[in-house]
Structure formats: C-alpha cells, structure tokens
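Got a structure for you, questions after.
Should a chain be cited, it is by its letter among A, B, C and D, assigned in written order, with residues numbered from 1 in that chain.
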Amino acid sequence: MNVGIVGSTGYGGVELHRLLSNHPNVDNCILYSSYLDGAPYAEQYPHLFDLSHEVVNPIRIEEMKQLDFVFLAVPSGVSKELSQKLLGEKAKVVDLSGDLRLKNPQEYEEWYKGESASSDTLQKAVYGLTECNRQSIQEAELIANPGCFPTATLLGLAPLFHHELVEPHSIIIDAKTGLSGAGRKATQSSHFSETQENLRIYKVHQHQHTPEIEQQLKEWNREAGPVTFTTHLIPMTRGIMATMYTELKSTYTTEQLHNIYQDYYEKHPFIRVRPVGQFPSTKEVFGTNFCDIAIKADPRTNRVTIVSVIDNLLKGAAGQAVQNMNLMLGLDETTGLYHYPIYP
Amino acid sequence: MNVGIVGSTGYGGVELHRLLSNHPNVDNCILYSSYLDGAPYAEQYPHLFDLSHEVVNPIRIEEMKQLDFVFLAVPSGVSKELSQKLLGEKAKVVDLSGDLRLKNPQEYEEWYKGESASSDTLQKAVYGLTECNRQSIQEAELIANPGCFPTATLLGLAPLFHHELVEPHSIIIDAKTGLSGAGRKATQSSHFSETQENLRIYKVHQHQHTPEIEQQLKEWNREAGPVTFTTHLIPMTRGIMATMYTELKSTYTTEQLHNIYQDYYEKHPFIRVRPVGQFPSTKEVFGTNFCDIAIKADPRTNRVTIVSVIDNLLKGAAGQAVQNMNLMLGLDETTGLYHYPIYP
Amino acid sequence: MNVGIVGSTGYGGVELHRLLSNHPNVDNCILYSSYLDGAPYAEQYPHLFDLSHEVVNPIRIEEMKQLDFVFLAVPSGVSKELSQKLLGEKAKVVDLSGDLRLKNPQEYEEWYKGESASSDTLQKAVYGLTECNRQSIQEAELIANPGCFPTATLLGLAPLFHHELVEPHSIIIDAKTGLSGAGRKATQSSHFSETQENLRIYKVHQHQHTPEIEQQLKEWNREAGPVTFTTHLIPMTRGIMATMYTELKSTYTTEQLHNIYQDYYEKHPFIRVRPVGQFPSTKEVFGTNFCDIAIKADPRTNRVTIVSVIDNLLKGAAGQAVQNMNLMLGLDETTGLYHYPIYP
Amino acid sequence: MNVGIVGSTGYGGVELHRLLSNHPNVDNCILYSSYLDGAPYAEQYPHLFDLSHEVVNPIRIEEMKQLDFVFLAVPSGVSKELSQKLLGEKAKVVDLSGDLRLKNPQEYEEWYKGESASSDTLQKAVYGLTECNRQSIQEAELIANPGCFPTATLLGLAPLFHHELVEPHSIIIDAKTGLSGAGRKATQSSHFSETQENLRIYKVHQHQHTPEIEQQLKEWNREAGPVTFTTHLIPMTRGIMATMYTELKSTYTTEQLHNIYQDYYEKHPFIRVRPVGQFPSTKEVFGTNFCDIAIKADPRTNRVTIVSVIDNLLKGAAGQAVQNMNLMLGLDETTGLYHYPIYP
C-alpha cells in the first residue's frame, strides 16, 4: 500500500511518518511539502538519520490521486483545497486540519477567519472521533480528523451525554496543552526562554476548537448550550489534559458514574477508564494512542469533574488519523498503533 | 529589630530569609528548625555561601518570645503549638501554616485530619489577606497567613463578590501550581523524572484550601455556596495560576468588569489589573509579590473567566507574610518587597 | 520463554518490562522486588493500567533458577549475591548493576566502598559492551551489563583505540546525564525544584564508572593512562552525552576519522556515525537503543572531539541488556529493540 | 544621570533595564531600538506592566552623545558603527557585543565573518573583565564587555595563569549554557519542543568566543596555546557552567590550589571561591552577578578540573556591564548589583 503524507515536515507529519513506517500494511510512505523539493527528509529531522531514506516532494496532485491513502497534515486554509481535489479519486483521505470539521460554513468563517471548504467536500467528510463514530468512519472516503482539544474533551463527555446525565448548558472545559500542539514554526511564544518555568493562558473564549466541541455536543443533545472553553500552555512538549466541570441532573455517586464510563468504553481498546480515586497524568499516555479518563462526583456541589488526557500528537492527531485509516481499510483499529507509554 | 524564622530550612523559610536579610528595618534574622542544632544555614543552602553567616538553632520558645517578630513557617499541625505559646508575648507572629486559617474547628479537623488549634489562638488570629483585610491586620498581634491557592483565588474574586455581580453558588476554580508549593521534602511526586514533561491533577475535591476559600467567600456573601476547586501540578518550580469560572447575575461587558477591578484595586500596589485583552502568565510575576489579574466576560454563556497569577513563594507565602509584618509594624507595605520580575 | 526481572520497580526494571512485554520471543515476564509481595505492578506504574496484569513477587531464588532468563536490575551490592546464587543454573543472567564489571576486586572495593563479588562470579561474567564483545557475549551465561556512562564513552573511543590513533594518556571525558540515571528513589538531589533550571556537576574525579572505563581502555591498549572523568546532571529525564577530548598521535582530518568510524561500525545496527559536520543531540535517540557518534579533528590543537549520545535507560541499561539477551539466545540482536526515536 | 540602552528589546536590554531602574545613581533610562519607534516598552515585556512607562525610541545618535552613559546591547556587526560614532563624546560607553573584544582585526574577520571595527575604536576599547582589569576600566571611556563564555572561563583560569601553575597548551573548556544566551529571536533551535528534554552540542571548535579567550590567556602568558572550546545547549533559560581541564606543571593538592584562588579573589565581592569539596551549580547564582568557582586536583592524572558558573544575563552580560559602569563612574562596584540568588 502506498500512502502519502502531505505536510510531512511538521510535527503531525513526522509522527505520521513514524507510525506508518512501522505499520505492517503500509509499503511506501511518499512525503510531500509545499516548500521543499527533493530534499532528504532526514535533513529536516536528523533523528531519522539512517532510518528514513525518503525525500520530500513538492505537492503533486495527480500522483497523490493514485495513492491508496493520503494524510493531509497541512494548516487549516491550505488543506481544504487539497481535499477538494482528491474527492472521488482512488485515494482515501484523512484531513488533520480544521477545514472539514465544522459543518456550518458560517461558523468556520467566524472562528477560522477564512472561507469555508466547498459544500460537497463538507458533506463527504465524516467526523473522525473514532470511538463515537466507528461505523460512518468505516464507510467513509474522507475523514475530518478531530482537533486535539475536542478529542480529549468529547471522549471525556460522551458517556454523560449519551446517558443525559448532565445539564446541557453547564459545560466548562479548562484545557492544558504542551507546546508541540502549536506546531514546529518558530514564534515568540514557542521560544524556550518564554515558555520554560511559565504557565500561560491563551485565546480565552476564542479558541477555534470551541465550535467543534459544541457541534458534536449538540449532535448528542440538541439542548447543549455554548461551552466555556479555555486553553493553557504548559511547559512541556507533549500532552493534553482537559479538566471538565458540569452539573449533574440528579445525584450520582462516583462509583455509579465510573460504571457508566466503563460500560460505555468497554470495547474500545484505546480508552482507559481509570479506577475510582485514580486520576491520569499526561505522561502516562506519552507516546501512545490512549485516552485515559477519570470521573469524580462532588456531593457538596452536585457537580462532576472529568479528567481526560491524551498525547496531542497521537490520539490528538497522527494516532487517531491512523486509527481511522485502519477502520477505513477494514483492519483492526489497533494495527501498528498499540504501544506502551514511554515512562519515565 | 530582631526577627525569628521558625522552619527556616523549608522553601518558605529560605524566601523569608532572603526578604528579611534585605529588609531595611530588620537588624537580625534568628533561624530555627526542629531538626538542626547549630549547623550553618549555608550548609542547607549553598547558594547562600558567603551571604548567610547564621546558624540554624533548635526551637527555643523563651528566646522567641523576646523577639520583635516571629514567622512560623513550619507544617500545619506543628505550628499551632508554637503560636499558642507565643500568644500575648512581646513577639508579634505571622503563621504561614494552615493551622489558624479556619475559624471552625470542625472544618479544620475534617480537612486537615488533625486537632484544631485552641479557640483563644483562633480568636486572636487575623486572616492576612492583605488587600482585603488591611485594617485588622494593622492592629493584629497574630496573623494567619493565607494559603497560596486561596490568595490567588480570593484576590481574583473579591471585586465580583464585593459588588455582588455573580451567582454565589457558581464558583469553579481550576488551579495550577509549580512544584515548590509542595515543599522541599523529597517525595515520589516531587521527583524530577516523574514531574518533567508531565501534568498531574491531585486532591480532586479534597484540597485543604477549599474550606479556606469558602470561609472567606461566605464572609463576603452569606449565600456563597460550596466551590469546585481542583489543583494541578505544572512542571515548573514557582508560580500559581487560578483560572476561575462563574455565572454573572446580569450582563456585563469585559470593559465594565475591568473598570470595576481597576477601581477596587486602585490603591493596592501589589495588584496589577491587566488591560482588557491581556492575560498574565506566571513568569511575569516570578520573584515578586505581585498578583496579576485579568477578567473576561463571555456573552455567549453569560459566564466570566477570571485569571489570577502569583509567585507561590512570595505573594503566596513569604512575600505576603512580610507585607503583613510591614503593616503590623506601621511601615509602608512595600518596604523591602517591591521588585521587578526576573525575566526571562 | 519465561523471563524474570529482579528489581522490577526501578526505572531500569520498568524499561525492561516494556521491552520484554513486546519481545516476540518472550512469553512471560515474572517480576520480583525485594520490598513488594504480591502487589499489582500497575500500582507502582499507573501508566501500565490495563497493560500489565502482573504482580510483583518477593525474591524467590529457587523459582528464578528455573527461568530461561533473568535480568538483575537491583542496586550494586545487592546484585552480587543474586548472581552468585544463579551461577550454573538453567537461567542465563544479565546483571545491570556495577557488581560484576570490575575484574579487580580491589578496584571494586575502592570505588564502590563495599565487598567485591566472589572470584568465580567475576570470572564467569562477560562484559556486555555488545558492539565490542559480541562473540564472548554469544557464549556467555552471565553478563556484566556496562554502565550508562561507560557505554557512551567506550563506544565513542573504540575506533580510536582500535587503530591506536590517540595518545593513550590524554583521555578527558565530560559526561552529562538526565535525572533518570539516578534511579527512582526520591532524594534531595532528584527533587524537581532543585533540578529544574539548574546544572550541576557531581562526583568530580570520584565516579564509580571511572575504573570501568579505564579497565576496558587498558584492555584495548595496555598503555592507556588514567582518564579524567566528570559527570553533570542535566535538567531532563533521559539521555546521556559524553563529550570526549584527546590528543591525536599524528595529524588526521575529520574526514579520515569519520571514515574510520564508519568502517568500524559498519555492521552494527545500533551505532549511527553521523556525517561530517553533523552532531547528535540526546533527543535524537530518545526511546531507542541507538548510540549516535560524531567526531571532529581540530587542526589548531591537534586534538579531536568525540561526541556520543545514548538514551541512558535503553542503550545505557535495559536496551543493551535485551540486546545481549538476544545474542545469548542466538536471536538477531535487534529483535524487539529497533524503534524510531520519539520526536519531538 | 541619564543612561541610554540601545537594543533594549533583547534579553540583555531588558536585564539592563531592570538593573538600571533600581540603580540609585541612575535617574532616567532612555530606551532605543532599531526597529521600534515610540512603542511602549511594556508592550514588548508585559511583566513590566505598571513598572515601566518608557517608550522605545529609534536610534538617535545626537541625543545619545549627550547622555551620561550608553549601553550598546545590539548584535555584533551593528554595534561597531554606534560605538565609533559615540567615540570622544560626553557619553561613556559599554559595548556588550563582540565587536570590540578582539584587538586583531584579522581574527575578528575570521571568527565573526564580517569587517572589524575601526582601529581607533579598537584602541580605545578596554576589555571589561572587571576582576582582572579594574584599573584600566576605571579610566576607560569605552568598554568591550566580555562574552558570557569568556567571563566564566577566564575567571576560572586567571589564578592558575597568574601563578603559572599549568601547562599553557593544555586548556580544554567544556562549556554549557541556557537558552537565553542565544537571544530573544525565535529560531528553530530556540523552539521549546526542540530544546526541552534535549542536550545539544553546537559550533564545535568554531565558537566566536574562542579567540577572545585565547587573546586574554596569551596576554597572561605568551606561551598560551590554542584552546579546545566546545559549547552545549542545556534545557534551561539562564546559567553558564564552564568545566575546564588542564595539566598541572607540578604537583599541587586541592587545598593548595584552593588557597591560591581564595587569595587571588579575596577582594572581589562577586567571586565566590567554594570550599574544598563543594562545587557550584548554576541555580546557585541565578539572578545575581556572582561567579562561583571550585577547583579540584586529580593526583591520578596530574590534571586539575575547574568549575565556574555564572548567570549569563548578569555576570555574563548586563551585570558585568553595570559593574563596569560603576567603576567608570567612581562608584562602589556593587552599587545596585548585590542580590541574593532566587532559590529555588
């Protein structure tokens, strides 16, 4: 099987390369980038010295159409043009950008400050939150791979919404991410000296992942209200934690909620619902496609606190993308993806 | 003026030592510890080589009574016995532990899992949240110095409660702290390899600072309900950020709220209310007694997000303690305390 | 195949567990520890929740003798008693401690401040520097797995000694390590707040890896003199870099030396000699068994600088141990060990 | 006194601003930058909100000439034009760039890859290694402030060269620095995700500080040979450690060498020679102008290891610059500069 990675020089791209190079069903990785033309990939990433012998090619749409599978790991705005061109061709596509996630073009334009993808592309694109959307993904030709924050958030909230246990207007999400989520581009805010020994909050009430979360919640419950969603930069490279707060409709114990979560995720190999009283930390999923979840009711407030952690480059990006590829190809979803966390 | 630091070998103690060694009204620092007897202080802290020539003395109550001022920087549980013995003596006292903060002995016993301080000590102890309690502090002989999280939280909420702008049952506090808040003791969870590149949540719904926050909120508004309070460990040494979420009683713009905050803190040199649209990060108060605050209304949810950052060892501990000492001695509250942040 | 890990709760142990759990020739991991008795392993390491269902057993010598393979990942001093007892039994053994590395008992006693292993154990133990000692390892029953610093150092120096290119008295090794090398035990010097934003030098001229390096150098060249060896603690978890300085016997260009290194390591899959002008960093081998090496001659001084990096828990401990197991069992040495670095 | 800071937006500039804003003899800081024109300084550095009310001015040579003192904290290449223009004017000048450090124009051109400063500027410029050059500095109008690495290195070697104790061809310097030394500019190599949990070596045998070190050593001893000098990037923001290795001419004990160092630096308030057996770490000088030094002889090799640590932004840049200003103005050299380290 020949698989293309477009946007191969970013952090999402290099993680896709690692996963696909070790995937038993992938024969060739073909690497593309909009600003390199024939340079050895290992020049971009010296850790791949002697491991990668690929070069990075310019974008070649006609060639890409003939591949078996294409991952688009390019920025929002750029991506929608490529996915449009690949529509209906041989290659199945997973788009890791935000371009195809919002079904409402106006919402895209408001939050992404750009023109939305065409309506036929949007219509074809299946939202790739694997655990919640398995069947549609299996039949899809084009996947809108979820954002890193929505993945952690929605997996944390799904059982509560599925069982209608919480007030649908009361969702507050305090999200924290490592720096790799901001990509490889050198910016003032990714500078080590500005980041180390620092904790920052950013895009307060303005993060473009907000409508993505709300769209899915509304699909689960039409009465779901707007969420409060804030994001923080943690001085670490990988990892997302979403700490979520919401009001219970009636009284439940932690044990009851825990059972509901366990049942809900019983057949999902990448979701690990932690035992009552144990909370996951981001390092405990480092280098894996796991999403670890804990829940605790607070009888004093009748609120519930949900904690969900992922490796933002894996379950939050490349890992979930490969998981979706596996499903689209009829493979076991864990193929080439089931790793132990690297610890410590 | 002769000032004693009890518990001088902890991180609160060494920060007190630094501040007091450079305080114009302090002539001598006398250092105490329950487990050292005559050892040079610089042995504990080699960065003080050639700067500190003090030794660390065992606890000597009779000597301490005769000092002008005593800081108790020992753990909760130990502290209440010392403050009791110093009551009514020459030395004025600031207690940095949690022992005298909760006025209700039952609450102390429930959250601290130990016996409360005596009722006369509790009665004498004034809660040292400087900006909100200046007058009582000026007249006090004994101060219960606030906890690091309550300091950041309460300073962030005070103007909203003062003006009764928010639903008093809707307070959610997502707090984040650097590792130094856990003290100098070597434990599994303070081990570098378990902390670096990791983000952890701990004491979910169980942190002993919860009732301290609630007690003060109730004093401001009898209808204040229980808060949801969670704490996270950030891979950095210093700094606390409290991100707070609450529902507005009616509609306010960010500009209106910002003005209310500016007015409220106008005469408080250590509170920096950030301009509309700007949010503080922890490194921007590193090494200072500042508390930086930002507020933003969300018209979509009619909630408000408040961000408050401090250096946990300064405004969250030793700095506020010295600020309180200054007031108790009739000095300008910034004496020996007004520093520029060390950046980067 | 049944494999035992003694000292399974340390960082070397958990890395062995990860490697062996994913090793195609290993059927069962049996875990031992001197201070746990039947506790689930995942309690020690919550990242293994749902991945490890083993319990940690007390030391059971008779059971261990019957295993196919045993790894001793216990501290120096403890280890020598276990390896002695397993001598001549069914189980082949790799000892990761320092107990069997020094052939001269007096040197052990001088540098390790304890009694040396018995002479028969020492005699049986083959020094497991895989790339330099492959044949003896293949035939061995007991391996003294090299220390982390000696591994990086000796692999960096081997080609120079093999070809007698450098003055054998002129070796200076400036080594740097992440914190995980000091083990999981919580100590003052592993405390996050003492380590973060800090760079420390330790055991100057006194590190117990010094005689291990010298012993091997002398084996390669009887005239090898004592080395200068210093070690530094870097605020990171994993990774060792050895920067080495030595005088060339005659004039060589960097290109000539590079060719010599390439030839020397041509058939060694885990050694990556970097191209002229490129130097490896520790993150470029993170999570792998690679040792990356660069060399540069300095015509101004007629000295040469050699840089060698490893992941201290893999090529510096568990990885090399499994590599040696593979050889001892007649397997390809890369079995279960050939990974891409996790980057970034 | 009116003092100008040119290049005020860099890390050297902001540290100068902090020191000078709190300096008792400085009335006004006037800030300049080549790419800002009238913007508030606190926009560049939000941690200065409410502390700095200055704006950043474009370069105005005529205005600068009339100031009492000017610090040039602009990059090498740019600086030499400014210092030339200020020559002979009212303003005394400290140049923090590398432009005026090398007396030999050819060496500058070789190592800095650009044209050297004019010979009259070079002639006027006094090398500002304060402890070794106090008298000339007191009389100077123009100072070439030493590089960060040469400061740590030369202060570590001065007593040995002064007493001619070491072989002048045997100097090996293994230097390590935090990221702030590379300045504020966002580059691939200053990106957090490429730096965290990483240790890199760079500019092997090619660092432009090499000839600066050699020039001073040769001034001390004409027979001083070329040095081996390598530099490493440590995942921390501030701090330099130079670990130096050299051969002793005859046998000395550590105690003898320690005494020689103590005597040499007896009257220098910023040099702290550590007791025998104690080695400094970078955090122990964080936020200060100290240079802490330790020395240890190795009887096995007859070499000596010297360790020298500084805060690269203080003793390695802004701190030493202000120390030199103090001397040039006839003030006590510690004025506004004597701080306790911030620890932890």
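Everything that follows uses one rule, which is that a residue touches a chain if its C-beta (ideal position, glycine included) is under 8 Å from a C-beta of that chain, and two chains touch if they have at least 3 such contacts.
In UniProt terms the chains read A, B, C, D = N-acetyl-gamma-glutamyl-phosphate reductase.
Here the structure is a predicted model, which is why all the values come from computation and not from measurement.
Any chain touching subunit C that also touches subunit D appears here: A, B.
Ranking every chain by how far its Cα centroid lies from the centroid of subunit A, the top place goes to D. Taking the mean of the C-alpha atoms as each chain's centre, subunit A and subunit B sit 38 Å apart.
Subunit A and subunit D have Cα centroids separated by 46 Å.
Work out the mean CA point of subunit B and of subunit D, and you get 37 Å between them. Residues of subunit A in contact with two or more other chains: 11, 178, 180, 184, 193, 196-197, 235-238, 281, 283, 286, 344.
Residues 172, 174, 176, 178, 193-194, 196-202, 204-205, 225-228, 230, 232, 234-239, 241, 243, 245, 279, 281-283, 286, 296, 298, 300-301, 303, 305, 307, 309, 344 of subunit A are the ones that touch subunit B when the two sit in their complex.
Against subunit D, in their complex, subunit A makes its touches with residues 11, 178-180, 184, 186-188, 190-193, 195-197, 235-237.
Residue ranges of subunit C in contact with subunit A, taken from their complex: 11, 14, 18, 21-22, 45-51, 180, 184, 196-197, 237-238, 272, 274-275, 278, 280-281, 283-287, 292, 340-344.
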